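Reading through the structure tokens given below for one structure.
The chains carry the letters A, B, C and D, assigned in the order they are written, with residues numbered from 1 in each.
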Amino acid sequence: MSGLDWLSAIFLLVGAAFFLAGTVGLLRFPDVYTRLHALAKADNLGLGCIVIGLLFQADSLAAALKLVLVWLLALAASATVSFLVAHRAWRRGIAPWRADEPGIRRHDES
Amino acid sequence: MNLAFDLLLIAALLWSAGRALTTPDLFRAVVLFIVFGLLMALAWARLDAPDIALAEAAIGAGLTGALLLDALGHLRGPVRRKSGLIAPSTVMSSEGAGPPAFPTYFLNGLAIVLAVALGLALAGALLLLPEPAISLPREVAAAMDASGVAHPVTAVLLNFRGYDTLLEVAVLWLALLGVLAVAGGRAPGRAPVTPRSARASLKVPRLLARVLAPLALLVAGYLLWAGAHQPGGAFQAGAVLAAAAVLLNLAGLLPGGATPRWVLRAGLGFGLLVFLAVAAAVMGQGVLLQYPPAWAGALIMLIETGLTLSIGLTLAGLFLALSGASRQ
Amino acid sequence: MLDPLPWLILLPLFWATLAFVRGPGRGGRLAVAGLLLQLALAGGLARQVAGEGERVYAVGGWGAPLGIDLAVDGLSAVMLLLAQAVALPLAVYARAYYAAHEEGARYFWPLAGALLAAMNALFLAADVFNLYVTLELLGLAAVGLVAASGGAGPVTAALRYLMATLLGSGAYLLGVALLYGAYGSVSLSILAPLLGADAPLAVFLAAALMLLGLMLKTALFPFHFWLPPAHGGAPAPVSALLSALVVKASFYLILRLWLDLFAPLATVAAAQLLGLLGAAAILWGSLMALAQTRLKMLVAYSTVAQIGYLFLLFPLATDTGSVASASAIQGGVMQALSHGLAKAAMFAAAGTVILSLGRDDIARLGGVSSRLPLTLFTFALAGVTLMGLPPSGGFTAKWLLMSSAMHSGQWGWVVVMILGGLLAAAYVFKVLRQAFLPVEAGTQFKPVPRLLEWPAFLLALASLLLGLRAGEVLGLLGAG
Amino acid sequence: MSAGLLYALAGAALFAFGVAGLILRSHPLRKILAFNVMGSGAFLVLVGLGQRDGTADPVPQAMVLTGIVVSIAATALALALARRQREHGNDKEERDA
């Protein structure tokens, strides 16, 4: 394995670790807002690292640009969707979780 | 190395499926099920089945996951008790029934024993199986030239076994009918009215949604076109269209509702009608779904285009009718 | 001239889709016109089969094993005729029924069209995977129809029905996978000669899984738990379609697989087990019917019992010699036909009573005899078929089954059939006795349209006359 | 052992999981998950067993594509029914209160 391969592998592993952390966060966080946070953060960073890792392996400039494009599109989509999901949750009256009041609350009632 | 990867993947598949069925929290179960779907997509890739991998990721994990997550809020929400209090055990899992009575224990034990026996018998049977007498891949390869497309899976799906696909499209349409019949007993859902303050905060995401939706259209068109000679096709393209529609709905740019108007109904029926019309038209000089060889490629493309539109609308409709119905 | 074979599948799909595009509640007239044409097509196909014997149709021109074959023989021709002959009067009935019950009709016509397309496709299929798709189409259409009325009871019943039917088709699909793995084909005509008694274990497992899945869908005792709430809770036209036709479709498939595909694997023990379950269904279903207090639930439990007779043909037709076996198969098919006609008539009559009276407590049916005489007569005629009295089709069916039992010396089944007939008489007379009581004070009978009463009467009459024309039906059955 | 056979064995196990879940679990959502797991198991057996000699077979692959669409159709209908049932349950409790 050449130095580039090692670099590539390190980025790929870091990316995978972000995905793992995001999934754990999705499972363990208490409400929709924190879960979205975990998901979007980890997805974007994780995907970013994986794209960088793959860039070292790209055999042409076109392929490299396509990879970057994929990442940018995923960033835009994930930001949009996370915002919209959170927005709808808030409009439905789901209050953010607070450590002193566990359980499901509605912000329009409190 | 490959064997190690396969064993690891299979262990992860079994673990996620088992946990999805046993973990007490329903939310966790659904997330684990989505993980299971994504692992299945990997398994399909390992089995040289990229078409299924695409469909599994988009439909099996993606759309099913979205439907399940959306339903979760309605199915998990605490059951209101007669007293009006929320029973504490139902907040977390909602499955909170008391400890099962003796016959339940007995029957549960019986079911587990039967399931284990079934699994073992299946495993034994699979290991003992000799090679099959007929090799269909060879038959497919021999008939590819006459099929009108260059990708074997598309050839099977829309030509050799196109009749299955015709009925399958009817199944999908039928599910939407059923969902509309069940969810649409009430007044049609209205698009939520967004207050001015919220509208301002929606500006940027709406702009992005407006940019992403045409891009999704482009991707769907590419998948559709690519299906003729490489993995892709109407179902994958339709799933992308459906995702775009769901995005627009979340951004408040597309109303959800339980009673489609006639233009929409026509769009939903369009794919099936095109398929039926082609099936009937080619019968003039042959049998059901026998394309004239010179026209096969064009007819398949026509059918797939109609299907992409209808499948996109139907998959989006399944989501919107379900999520629109309960939100009066 | 239209080729009846593909058009029997395309036509109902066409009118179903058009009815959907036209909008909620629309499309009834289209459906009646389509069904009229379908009945003519099924008749034409039956004449073809009677004249020229079995026919194979290669969809797409490919032929098995690469493509999908459709096939029609005497058995499928008879079942196709039954499906169209029951559905046409029921469509006329449903138009009159939903004129009074509009909210239930929103998606009735497209769902009913899909149901018929699925059933016709199933009777014509000759490919085990294609059969899986038709089974799913049929199951989802039936569940949608049960749920469409939207009440709490039907929705719960539909969910339970859906889970049962999905478990059934899942088991069936695994069976298909094992068959494909073992032989590399899913075509019945290719698989049949390859199967022998020395088949690998996977094939035995496939047979067990497929038959078990289909038994669940046919609601054979003890898998009948989903049927009474689903058939009893749905609107009357839906109950009639489901009880008369849908359970017969999966029974047809069991028969088809047992006779054509798994015959070399069939053992006397398995056949006896099926017979025992059938006998239990007859006795348990009849007793439960007798215990019901609501008319439609009584009719639904009677379906559980009548399904039992169908399964008596397996012990009578397996390893009993050609005479007994032929007569058993004829009896079983006659039972499917006559019960289909009679049960459609019975549910339709029950629906008429509910529309007129506004309730269906059996204890409060007083006056039905004087206010709805034709409907009560319909119920009684259909009852004659269920009891198996001459000259009904039910009599021919039971007579054929009993003579087969006597021929092969299996007297136990005769006793079960006689007991079942007596119990059927008991629950039919339980309804008739109440209906002849005087009108209860304060009871209003709403007038009902004639198009509600006559289609049901014709169905009941057909079930009765079937016995007189049994020779022709059995001739067609033997043709393929 | 080929990868196809290995995944077919996994499919058999998943099918058994699904059957057990469908019978043992009472919550409708859980039954829906179980049905999907069961279906995935059957799909793996279909493709894996067909490819146990190591070459890709487009016929079972096309069948599984059909099966996946049927699965989501059934899942959507089941979810609609389960939600409607829950709403009826809540209505009833409100009436009783």
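Assume a contact is a pair of C-beta atoms (placed from the backbone, for glycine too) under 8 Å apart; a residue touches a chain by one contact, two chains touch by 3 or more.
Only a predicted model underlies this, so the values are computations on that prediction, with no experimental measurement involved.
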item: B-D or C-D - the one linked by more C-beta pairs in contact; value: B-D
item: Distance between chain centroids, defined by C-alpha means - chain C, chain D (Å); value: 27
item: Cα-centroid distance, chain B relative to chain D, in whole angstrom; value: 11
item: Distance from the mean Cα position of chain C to that of chain A, given in whole angstrom; value: 53
item: Separation of chain A from chain B, taking each centre as the mean of its C-alpha atoms, in whole Å; value: 23
item: Shared-contact residues (touching 2 or more other chains) in chain D; value: 8, 15, 18-19, 28, 43, 45, 49, 52, 63, 66, 70, 73-74, 77, 81-82, 84, 89
item: Chain C residues counted as touching two or more neighbouring chains; value: 129, 133, 136, 140, 143-144, 147, 150, 155, 158, 174, 178, 180-181, 184
item: Two or more partner chains touched - positions in chain B; value: 122, 126, 129, 136, 140, 160-161, 164, 168, 171, 174-175, 178, 182
item: Touching pairs - complete list by chain label; value: A-B, B-C, B-D, C-D
item: Residue ranges of chain C touching chain D (in the complex, touch as defined); value: 129, 133, 136, 140, 143-144, 147, 150-152, 155-156, 158-159, 162-163, 166-167, 170-171, 173-174, 176-178, 180-181, 184
item: Footprint of chain D on chain B - complex, ascending; value: 2, 6-7, 10, 13-14, 17-18, 20-21, 26, 29-30, 33, 36, 40, 43-44, 46-49, 51-52, 55-56, 59-60, 63-64, 67-68, 71-72, 74-77, 79-84, 94-95, 97, 108, 111-112, 114-116, 118-119, 122-123, 126-127, 129, 131, 136-137, 140, 152-153, 155-157, 160-161, 164-165, 168, 171-172, 174-176, 178-179, 182-183, 235, 315, 318, 321-322, 325-326
item: Touching residues (chain side chain D, partner chain B) in the complex; value: 3-10, 12-21, 23-30, 32-34, 36-37, 40, 43-45, 47-49, 51-53, 55-59, 61-66, 68-77, 79-84, 86-87, 89-90, 93-94, 96-97
item: Parts of chain D lying in touch with chain C, wherever the complex brings them together; value: 8, 15, 18-19, 22, 28, 31, 35, 38-39, 41-43, 45-46, 49-50, 52, 60, 63, 66-67, 70, 73-74, 77-78, 81-82, 84-85, 88-89, 91-92
item: In the complex with chain A, residue positions of chain B that touch it; value: 28, 31-32, 35, 78, 91, 192, 198, 201-202, 204-205, 208-209, 211-212, 215, 247, 250-251, 327
